[in-house]
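Letters A, B, C and D name the chains as they come in the text, with residue numbers starting at 1 for each one.
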Amino acid sequence: MTKLKLRSIIDDTTTREGRFFDYCIQLLIFISLVAFSIETLPDNSAQTKQILSVIESICIIIFSIEYLLRIYVAEKPLKYIFSFYGVIDIISILPFYLHVAFDLKALRAFRIFRIFRAFKLVRYNKALKRFGIAFNIIKEELVLFFMVTLILVFLTASGIYFFENEAQPKVFSSLFHSLWWAIVTLTTVGYGDVYPITLGGRIFTFFVLIIGIGIVTIPAGLVATALTKARTIEEENDVKEEEEKNKSL
Amino acid sequence: MTKLKLRSIIDDTTTREGRFFDYCIQLLIFISLVAFSIETLPDNSAQTKQILSVIESICIIIFSIEYLLRIYVAEKPLKYIFSFYGVIDIISILPFYLHVAFDLKALRAFRIFRIFRAFKLVRYNKALKRFGIAFNIIKEELVLFFMVTLILVFLTASGIYFFENEAQPKVFSSLFHSLWWAIVTLTTVGYGDVYPITLGGRIFTFFVLIIGIGIVTIPAGLVATALTKARTIEEENDVKEEEEKNKSL
Amino acid sequence: MTKLKLRSIIDDTTTREGRFFDYCIQLLIFISLVAFSIETLPDNSAQTKQILSVIESICIIIFSIEYLLRIYVAEKPLKYIFSFYGVIDIISILPFYLHVAFDLKALRAFRIFRIFRAFKLVRYNKALKRFGIAFNIIKEELVLFFMVTLILVFLTASGIYFFENEAQPKVFSSLFHSLWWAIVTLTTVGYGDVYPITLGGRIFTFFVLIIGIGIVTIPAGLVATALTKARTIEEENDVKEEEEKNKSL
Amino acid sequence: MTKLKLRSIIDDTTTREGRFFDYCIQLLIFISLVAFSIETLPDNSAQTKQILSVIESICIIIFSIEYLLRIYVAEKPLKYIFSFYGVIDIISILPFYLHVAFDLKALRAFRIFRIFRAFKLVRYNKALKRFGIAFNIIKEELVLFFMVTLILVFLTASGIYFFENEAQPKVFSSLFHSLWWAIVTLTTVGYGDVYPITLGGRIFTFFVLIIGIGIVTIPAGLVATALTKARTIEEENDVKEEEEKNKSL
């Protein structure tokens, strides 16, 4: 099999073989993630543990071969190795080999890196590219809103600390504890483990909720409208390309 | 009554008779759903049960006649039978007949299929068609966001399991239990039955909430903007059609 | 004072006197609503009750005069009386007079109608008109989504009833109790008084949350984009009007 | 160093020195805010308190110098002093000096004003300007929705008070207590400390949630679409400016 043929299978999802290869890898990722999840169950029998271990070993072998093949077929191997997916690919298999080689307890924690395989489920496609364009359009606004959100969370936490610290010294014992309340409230999660009980704290929360919630939810709306714009840009480019093709004919 | 006349009543909601027939069926569906709801109340008297049973029997008879008539008037009966609404129509009456015919306890569970009648409340209309166009426009993005949401939920669950498992071994006893927390948090429902208590878990949740919530709520914004575009496309088509009409005159 | 002069004060918010009159009435409404709120406090002293009663009486007198004046200056008095604000105006003062006239305990409940005065705080203006245009644009979609939301809530409630009824017979004792859970969950309020505990119920909730929440939040996005369109329509109309004016000169 | 040179460092973020100065100040603000947060921890050792005090003193000195320099380089010193950032700048340092000068316990509370330093993290930039344009476009709608939200919260609170006051006299003891429930519910926070338990109250909440939530979340969508429009306006202006430049050449 030539390198070119191999590349059309591994790197190209437009060919029939490429798509089949992609589906196989994604199925394997899914299986390995399910196996990882089952592994965390507290009362696994010895037999279950063994089966999971075998599944993990098989997955690691296949992912390792896939990684080596991707380096082999890449036009610029180094570019692939240091690309986002290249790093993900190595991170999700490396802990296994390190564990086998050194068998240190300290390395066990790194086994959680296996979950980064999940990122491999979304490879480059048209919708993702569109998302990239949209992200570029509203980069400045997103940074601004991220900053404003952080400041808002901080100010809200300070305010509630001022009002509630005396009444609930255990719950709002410091600004850091208040930050927990602020983020849970401003994102409207509202677990109910922490909430104001003083009159001042409640009035403060009243106004924070009316004004603050909008600010935290604006970025989602921004992304949605930017994606719509990204699609328009894309379509215009497609039209232009077609026109240029027709001209050159 | 000719078949054509019958079709105008049953299939066509633009005629006066058709609209009347439609309203009658919808009213009946509503009554049968209310009856079903009352049936689930724990302390129904024998008399109430009998009344509900009579209502259900009447509904079943009328829905059966409706089903047979729809097959009769359909231009392509098979196409109707295997269409979405054809399947809904049969599923919502079949359990009753199976129950009568075999009287098996195992079949009782299927009685819940009656609730699928609710789908019959929304028959084909202009707004639904527009929704179909909008859905087609953003199909790729929706699939991508669905994938990203699933991956995000999985990674969030893994993270919180890593931080909280030791401190709350009962609540975050496995990745599956953590998944429950992750979905309840990322959708901002926040029941308050499960929440992080360690410092690490709370800091992790802090950043997950700031970044993650936007991603989960973007699809709603996408649908809203796509629906606006679908309407524009529709209007342009209407204008074109009118222009062509005027030309041909 | 002529009827025309009076009308410019009461009905017209573009004149200086009209705006002043409007602010006075709004301030009075605000005072009367605060008084109503204080009235509901459990431990009011006899003196406080008397002060509140005096405030209410004064408000009622002024609102009555305002109501009569509005009828007097209206070009078509009957049209005003049966308009939205006409009905609100009478509803918010009538309970007081009925109470004085008959002094029946049964009428006390109607005193809550006083809160409808709150509607008077938003009189007709440009932004409200724009909202009307936007509402007209997306009327069909809103009705569809309202229907779909109701059906979704019903189906979700049925599903959770199926999964949780046996495990939590007290909490999910009927479909009506499940409906409470369904609406609290799908709107992401999540009080935490009711939540699934079985594996089946939690998996069911997982998928309901991923798919369902978008549907419930779409209408808000629709209104936002429709309002933007309504503004565009308005601006185009303004431009047209100006052009026509320039032509006619 | 000339005044002009100094101005290019302090007021201008487009030069290399200006950007460096800006980053230094922002880093210092961040450090001082973290110090403030640590200060609120209940069990700080004497040594920690001393370190924090030193950090605060250094920050105050540098912020004071910055404030004086900003007045010095400003073209119109008074305009800067009474501008938003001018007021923030003085508010965040003044409490320290007052505390040193008078050493009154009553002044301790003002130390919380230090948190307003957080506002200094977002200085004037392009995205903020765009936000200003967007805000101007939808000012009227935002005011309207703010009013409508307040009225909705008030009416919802009145309704739930009517339904729940008898069943839960402690929790819904007055309209003010009900307002707390109303805002926590309509913003979908849902702590779970207060919720309806009567049938009437739950049915009321059901309809309030279906209709009300959209209204509270619309402003966020409005801002998002307005920001998109603000960007379009900006781009058109840029194109115009460029065209005019080209013409004048």
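Methods note: contacts are C-beta pairs under 8 Å (C-beta built on N, C-alpha and C of every residue); 3 or more make two chains touch, one makes a residue touch a chain.
Everything quoted here is computed from the prediction, not taken from an experiment.
Q: Counting C-beta pairs in contact, does B-D beat A-B or the other way around?
A: Between B-D and A-B, the larger count of C-beta pairs in contact belongs to A-B.
Q: Using mean Cα positions as chain centres, tell me which chain lies farthest from subunit A.
A: Centre of mass proxy via C-alpha means gives C as farthest from subunit A.
Q: At the place where copies subunit A and subunit D touch, is the share of residue numbers found on both sides over half (same) or under half (different)?
A: different
Q: Test of understanding: which option in B-C, B-D or A-C shares over half of the contact pairs of C-D, residue numbers taken as the match?
A: Copy of the C-D interface among the listed pairs: B-C.
Q: Report, in whole Å, the distance between the mean C-alpha point of subunit A and the mean C-alpha point of subunit B.
A: Centre-to-centre distance between subunit A and subunit B: 29 Å.
Q: Return the distance between the CA-based centres of subunit B and subunit D, expressed in whole Å.
A: Computed from C-alpha means, the inter-chain centre distance equals 41 Å.
Q: Two or more other chains touching the same residue: where does that happen in subunit D?
A: 179, 188-192, 217, 220-221, 224-225
Q: For the complex, give me every residue of subunit C touching subunit A.
A: 188, 190-192, 221, 224
Q: Okay, in this complex, where on subunit B does subunit A touch?
A: It is residues 137, 140-141, 143-144, 147-148, 151, 154-155, 158, 161-162, 165, 169, 173-176, 179, 185, 188-192, 195, 202, 205-206, 209-210, 213-215, 217-218, 220-222, 224-226, 229 of subunit B that touch subunit A.
Q: Which stretch or stretches of subunit D touch subunit A in the complex?
A: Where subunit D meets subunit A, its residues are 33, 36-37, 40-42, 109, 112, 115-116, 118-119, 121-122, 125-128, 130-131, 146, 149-150, 179-180, 183-184, 187-193, 216-217, 219-221, 223-225, 227-228, 231.
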